[in-house]
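Take a look at this one; I'll ask things after.
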Amino acid sequence: MSATARVEAFSDGVFAIAITLLILDLHVPDATPAGTLAGALAHQWPSYVAYVMSFSVILVMWVNHHRIFSLLSRADHPLLYWNGLLLMLISIVPFPTALLAKYPGTRLAAGIYAAHGLLIALAFTALWRYAIRGGHLLHPHHDRAEVARMSRQYRYGPLAYLAACLLVFVHPYATIALCLALALFFAFRGFVVKD
Amino acid sequence: MSATARVEAFSDGVFAIAITLLILDLHVPDATPAGTLAGALAHQWPSYVAYVMSFSVILVMWVNHHRIFSLLSRADHPLLYWNGLLLMLISIVPFPTALLAKYPGTRLAAGIYAAHGLLIALAFTALWRYAIRGGHLLHPHHDRAEVARMSRQYRYGPLAYLAACLLVFVHPYATIALCLALALFFAFRGFVVKD
Amino acid sequence: MSATARVEAFSDGVFAIAITLLILDLHVPDATPAGTLAGALAHQWPSYVAYVMSFSVILVMWVNHHRIFSLLSRADHPLLYWNGLLLMLISIVPFPTALLAKYPGTRLAAGIYAAHGLLIALAFTALWRYAIRGGHLLHPHHDRAEVARMSRQYRYGPLAYLAACLLVFVHPYATIALCLALALFFAFRGFVVKD
Amino acid sequence: MSATARVEAFSDGVFAIAITLLILDLHVPDATPAGTLAGALAHQWPSYVAYVMSFSVILVMWVNHHRIFSLLSRADHPLLYWNGLLLMLISIVPFPTALLAKYPGTRLAAGIYAAHGLLIALAFTALWRYAIRGGHLLHPHHDRAEVARMSRQYRYGPLAYLAACLLVFVHPYATIALCLALALFFAFRGFVVKD
């Protein structure tokens, strides 16, 4: 068992890279003649929506990761792997994002995006459950009310993304709308709620 | 509320990646026969100008970010999101840079570059305003004169980039010249001024 | 001689970037008409297998690196270079991974992948041998049983990857199967074993 | 003035990313039929030489950067910019590396590679000169003999790369041979010399 500093440093690196790599999927369009540049830029609006949505998701995930580790004082071997599973799913985010940007109207791309969100939510819940199990990783003087509040919140994430998955049978845009609403809701909520 | 160490580490990661990814938009040209390599390299001079300009902008932004956080002793939830908004704009920089390098003579590319600079300047002002509001995030023994000086400086950034935006109606090169002058002025100023 | 903090920070950066860059080799396929998207996505299954395998390998390597450095209290000049050699091999991982994803059925791609795994295992053994030689880099109160256990384990890694290299003369898929088994065995073992 | 921790963290990020991005220029070749894969891989040997050379250069630079900052206890504003100039040149390394890999036999590519090495050596000398000037940034109890030894060493770097630049008038391969010899000499020297 060891302190959590290096796990956080490695995780911060992966979060920072995944969130910054998203921009590589925003390509400068080929516009000839140059007069059509505005149209070409406007035409790739799904890329901008996908970019903002995925950036918001990763940012909210980073804040949540930060909150979990601020409650821990130790990291054991399995925690490194639960964390690694979460990081793998976070670093995959550019792929479903690029898929959605390229095929925005399709059921498959929307479904994969929402299903990936569901996997991330489940991995977060698993990391959290492992972290608080037994209590030997938590700070000796951790805030019990905060732990209880976070446990409650982690129940809703998977349910919301499960709903987004199911909405794909209604319409792909319904799935995207819910994913976007979730990402922006949590991001904008972060600007005002001080919990 | 928590200490600022992990916010700085995550932010440093995003700054470092965004500033290093800029090089990916400098492509080795195809030159056949090889004798024309010099010409092909010289031909992409707008890419070099755009590279140096954007590197300087991000470096100056990192120094400013460093200065803000050196005055803070705590980070609350909304600060993470104001910081996240700034990081999103910083990590977008490679896109308007590549756009400007590909379409250097167009009003649209120059305007988008300057408008993006304006958004960054506004996000910095917003982060700074939030950070000093109420004073509960500042170090208990912070330097009041330094805070006042920075507050004054943050007023000029948005105005300078607003001027760069408006210059696009005169000529795209006027906008680029002002953006370049701003980036190089602040970067070179940094070599000599010890404030 | 100096403390190990900055070596760990630089190494964490390289590990984090190498593990996150793997996703750049998962390309969104061109599917026209869009109805064939599912087929196009399914068709690139070797890329998914290669991605999960290499992510697992780098994650297991990072945990091992973490364990080595948690036993050290000092870093001297040669340690920086043994560590640098290991980091070079880690950062090369995306290349044999992309090779394997593109030519999954070939003896050459499978052999290069396994040979690269062998080189990483040898570099780890060399770093470990150097780190414990003389004992002046180890923590004064290090756990001797842990050091002995790790020395035993480092004997098996090169042997396992040597076997994977030799299996290429049987069939490329035999090599890939052993590499995948090794990666997943150590990754899944990590979820339950607390050593 | 502030402590050096955050400058080192940001610099480590840039070094780690620049050194890891080098792999992105090693492309998996298109080989049809697959039987020609070995030939296609062998054909791009200049890319492998350029990769190892540039990785070694950046690693040696990181170790030197580490040595400089281990002697400092403070960072003032101009130091951040001298460091930023060095980081810009480090993060540009992938460009001359890719140029050399694509046009290995040309005078221009070899000359640009060596000239870039000269610029890095000069930037290092400038950073070092600024860091020790006046002595207010050095640790109060720094090792004077170490400072004198490093000052001597920083005189040779620019001279060696200047020689590499001039050799381009003899033959491009003479320049590459000297650059490679310098990179490998310092890297291998690092494995045995404990200074």
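Note that the chains take the letters A, B, C and D in the order they are written out, and that residue 1 is the start of every chain.
The rule is short, and it goes like this: a residue touches a chain if its C-beta (ideal position, glycine included) is under 8 Å from a C-beta of that chain, and two chains touch if they have at least 3 such contacts.
These figures come from a predicted structure and were not determined experimentally.
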Interface numbering overlap (same over half, different under half) for subunit A and subunit B: different
Far-end chain from subunit D, centres as C-alpha averages: A
Angle, in degrees to the nearest 5, of the Cα rotation that carries subunit A onto subunit C: 90
Subunit A and subunit B: spacing of chain centres that average the CA atoms, whole Å: 25
Approximate Å spacing (C-alpha centroids) for the pair subunit B, subunit C: 36
Multi-chain contact sites of subunit B, meaning residues that touch two or more partners: 9, 13, 16-17, 21, 24
Subunit D to subunit B touching residues, read off their complex: 2, 6, 9-10, 13-14, 16-18, 21, 24, 76-78, 80-82, 84, 87-88, 91-92, 94-95, 98-99, 102-103, 105-106, 108-109
Contact set on subunit C toward subunit A in their complex: 8-9, 12-13, 15-17, 19-24, 26, 28, 31, 34, 37-38, 41, 52, 55, 59, 62-63, 66, 69-70, 187, 190-195
